[in-house]
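The following pair of complexes shares a single chain, chain A, combined with chain B in the former and chain C in the latter.
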Partner chain A sequence: MIKTLFKKDALAGLIEAVRKDGGEFVAPTLVARQASYKAVTDAAAIETDYIVPQNSFKEVLFPQSEAIATFKEAGTNMAGVEVNAKDTVVFGSRPCDAASVASLRSVFTWDFVDEFYTTREDKAVVISIACTKGDSSCFCTSVGLAPDATEGSDVLLRETEDGDFSAEAVTDKGKTFVKKHKDVFTTCKAAKEIAIFEPVKLDKVDLDKVGESLADTTHYDNDKMWGDIARKCIGCGACTYSCPTCHCFDIVDEGSFFEGERRKNWDACQFDFFTLHASGHNPRDTQYKRWRNRFMCKFKIYPGKFKTKGCVGCGRCVRVCPVRLDITEVMEELS
Partner chain B sequence: MEAELREKAKELLGSGEIGVVIGFGWNKRKTRTTPVFITKAEDTDKLVFNAYCVNNLSVYLTRKYPDVKAMGKAAIVAKGCDIKNLAVMIAEGQFKRDDTYIIGMTCSGVGYKQELIEANGGELKPEIMPVKCHNCDVRNPHISDAVIGETTDFTPPEEPVGMVFDKIKQIEAMDAKGRFGFWEEHFSRCIKCYACRQVCSLCYCDRCITDKNTPQWIDSSAHARGNFSWNLVRAMHLTGRCTFCGECERACPVNIPLNVINKKMAVVMEDAFDHRSGYDPEVHPPMIVFDIENDKEEFIK
Partner chain C sequence: MKYAREKINKNSGKDSPYLPVKATIENAEDLTARETLLTITVDGGINYQPGQFLMAGLPGHGEAAISIASPPARAKTYTIDLCIRNVGSLTAKLCALRGINTIWLRGPMGRGFDMPPRGEDILFVIGGMGIVPARSLIKAVIKKRKSYGKITILYGIKTGSELLFGKEIKQWQDSGAVVEITADAPEQEWQGKQGVVTTLIPPLDIDRRRTTAYLIGPPAMYRYVVVPLSEKGISYDKTFLSLERRMRCALGKCGHCLIGGVYVCRCGPVFSLTELTDMPGAI
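Then we have the complex of A and B:
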């Protein structure tokens, strides 16, 4: 079959071409024994044996910590910071992670356009590889996605039996990219594609029913129900920080009285001080209420505001949870 | 062993003496164990004990869990290594020995991470056990109200073995610049999720120093300065207290070798104060004791 083909040998050339134009090439690479999205300069550094990288690539678009303003002389002399965004290629993303880009955009362009986010996203090209393997924590098919979903990808690659990829340019951005790098994306005969890995669809999960269960807000007072579900939550931010769609941040001033910067840092609704008021009152005063909030955010609050997905089913929160509080079990329970 | 554990739990809950048994249960798919809070005698069948039981459940006895406290007197399923944490908590006045019923489990080791056991077809093998298990001297629980399981005659090697100790030697051989570089590389990955702190039963402060913001003692940003100050402050606050249960390293999503720094501090404390943490609830950690009479140092007198 004649297709647009991306030969695996072409990777080095693509990295070089992107970097020559001053761009950055981000791909899964081994960091402390785990595949993680990081900027790479060498094709040999790219890891190919991974299910989903340990981090999500949201840190490319929405860095964990960035300066947004500087101040001098006790806050009287403030200046904004220009967004430092490079043309970025995210290579080897998974379709779940790619779908989260639209989710982040919804939030960052909602009531205020956050240029720190939009500038970076506009300059990013997402090249995903459809999944040929997965694990028991993957659940994209239960949130309406698929291991070869095109949503959010600019280019979607499918692995072929001889190790190359057949390429599908999904968006205009992707088409322009493919055209620009036509010596890398060639049109020729492609070998058979490798079968896509299908995660077990949790047949008990029905997101509409989850939404309905949460819509009746009397559950807010049901301490027994949420206590039983999430009493074991220890209140770390591992789930939120590895989540591709979690987007909360905090603004802090760092430096001295005379000079410093204002930074935008990731924050997590799982932390006990997240909702602490200056008065000392904390509306989410126990850990299970904080866990409830994250669940509500993904399946009720977020879908109520936006058309994009609150959860993309990457399974990271299940994998990293130190106490194995499995979000899919709660989705089943509330279906 | 499980039958014996369930029987004990049933008896305790039935007697009315105990309000909640904190133990391990399977997740729905029976692929991982997860903490469970059993309050009814008929639910005790949910309790399990096997090599997947990696968590140190003592964290649920800290003051961070008022809702667990509200369930009444707790009985806790604890391996020897978990009991070490309980001993420190008692020594530091977090609760009285009589406030908690300790169900001590004899143990033949657990996995470093649950995923590794699953990958090995559900079987435990020495290669996937954490360093603490290979050097464990409390496989038979040292402090408990009841012991479940057969007594083991495992004796740990005289000189502790394992990657953590090899790494400590390696770092000790480096010059200051090399050591700084080593930790800089590892701490640079820190994402400040605080899983290390939250999973630790000895990090029980109501307000952690890193959450104090008037003034902001520790930069909350996850940049080099912020990450160094956080990780080093935590290591210092655990010095002489950490029992090397390894929960922080297990919980770390980015694999920072926290066991190395914590064990190094423990070795320093043993050399300097002849103190090993977690063996005696009557002995206070050296860094909270002011004892001029018995101090080895002359200059202090």
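Then we have the complex of A and C:
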């Protein structure tokens, strides 16, 4: 069988080709000793020994802070901002992160279309590498994904024993990309692929049952259950910032009345002032209600309203939580 | 769930749904120590329903969701009233403009009140700042006074000094609306009724078959008003509430106003009580 092969040595050539066209090449690279998605210029900077990067690549599609309007002349002049999106290649993404793209798109395109998001996403090519290792926080198989799932990836790479990758172009965008860079995507006879890592499947987790438990709104009256579940939560918001599907943002003006920018900045539903009214009333006045909101968002709102995955099982929220409030334990409890 | 769907805006350049339009403040009148009524004109006008809101802002100070206080008009260029309570940095600025006469608006946003069916009796139960979005509907209803039956307005305030639109309320009474005002914790010189707005409901004579109720007030009021109203037999389908939420984008994206899958900014802020019974956490 003839397969498309992506040779590891070809990486430098690919980075150069992408950058020559004015594009950006994003890949895991070490930032403070942790693999993080970041724009790179040099193949040597790309980290190969990682499970999942500490950040998700949503910040490539939906920046942590971006200008949406500018103003000047003492508040009398305000203008829109053209979306400044480059052709971007996200290389070395994990299949869980790639799967979150459809989720983000569903939020940013229902009803109004947010072109700040869609323009960036349309210009991004996601090249994922199937996982050959993982850790105890990985749980993609429990949310209906797999370490070699193709959902959301334009090209999926699988590591071979020679250290190269066999490539599968998944989408049309991916096929066009492979064709365009045919000097780095070569063909060969089937190379032996390294076995895929299988995270432990949490047998007790049944997503349908979690959805049913949440759809039965009587759980809102069960303050004790939610109080017990989220008692540990300190509301730091680390889970939301690291989550590839969390999409909440704030709109703030930076600068002064005379000149400045209106910006979209990431926000987190775990903060107490996220829902605070001007009157002082707060509809989600306690931490367990805010934690419940995030859990509802993942397992009821995304699958119910947007028909997409709210949780991709990347395990970041489990890894970063300072109080070890493990979302999978709650999924088990509600199954 | 139904929601008022606007045309899908392109986001680049001047068509961005995040980009406000410039409007002119024609007049600013202090109504009380805390509230200021701004009269605004927008070129080309804005078509809106009572109960809808605008994202009103000043560059450098941010934006906030502000209810429209005036009734819709037919003319192409007409004025919009926004009643601002001074509670934060943006509203403080809007209440003390000092020579600024430009305000930036996005909207109208959300789903407002549908006009009640012809011949219907109308009951308003209003608490505090709820009078602001209510005024839009009340004035629209009074314009078509002959199309409706009894119009009853129950208005609860904390203290007499918080009474808004006092002069207009007299005009509403002159055009045949029954208005009852009660103050919860009034000053000594308060002449009117004392107590919370719920106490005004039991003595009412309501024909449940032909009454539509509009509840507009703080969440605490809703909790106590819903029970006496349903005891009067008004159906949940004909009881409408306007919810308050913190909002940032008002486009169903930013997540602040989300209640279990319902974006208040797009599907609301007006909901029937039937819709709200499926939305725990809303009130």
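Convention: the second predicted complex is superposed on the first by the 331 of 335 C-alpha atoms of A that agree within 3 Å, B and C clash if a C-alpha of one lies under 4 Å from a C-alpha of the other, contacts with A are read in each partner's own complex, and residues count from 1 in each chain.
Just so it is clear, contacts are C-beta pairs under 8 Å (C-beta built on N, C-alpha and C of every residue); 3 or more make two chains touch, one makes a residue touch a chain.
Treat the numbers as computed from the prediction; the structure is a model and nothing was measured.
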item: Partner chain in contact with A:Val252 - chain B first, chain C second, else both or neither; value: both
item: First (chain B), second (chain C), both or neither touched by A:Ala191; value: neither
item: Touched partner set for A:Trp266, first chain B, second chain C, both or neither; value: first
item: Which of chain B and chain C A:Ile51 touches, first, second, both or neither; value: neither
item: First (chain B), second (chain C), both or neither touched by A:Gln64; value: first
item: Chain B versus chain C as contact partner of A:Leu30, first or second or both or neither; value: neither
item: First, second, both or neither for A:Pro283, with chain B first and chain C second; value: second
item: Touched partner set for A:Phe112, first chain B, second chain C, both or neither; value: second
item: Touch count on chain A, higher of chain B and chain C; value: C
item: Those residues of chain A which chain B touches in one complex and chain C touches in the other; value: 250, 252
item: Chain B partner contacts - residues on chain A that touch it in the complex; value: 31-34, 36, 54-55, 64-65, 136, 223, 227, 231-232, 234-238, 240-242, 250, 252, 254, 263, 265-266, 268, 271-273, 286-288, 319-320, 322-326, 329, 332
item: Sites on chain C touched by chain A in the complex; value: 3, 5-6, 8-20, 22, 57-64, 85, 87-88, 91, 100, 102, 104, 129, 218-220, 244-246, 248-249, 251-256, 258-261, 266, 278, 280-282
item: Chain A - residues contacting chain C, complex; value: 68-69, 71, 75-76, 78-83, 107-108, 110-116, 119, 217, 220-221, 247-253, 255-258, 260, 262, 264, 267, 269, 274-279, 281, 283-284, 289, 293, 296-297, 300-301, 304-305
item: Chain A-touching residues of chain B, taken from the complex the two chains share; value: 27-29, 31-37, 55, 59-60, 64-68, 114-115, 186, 189, 191-195, 197-199, 211, 213, 216, 219-223, 226, 247, 250-251, 253-256
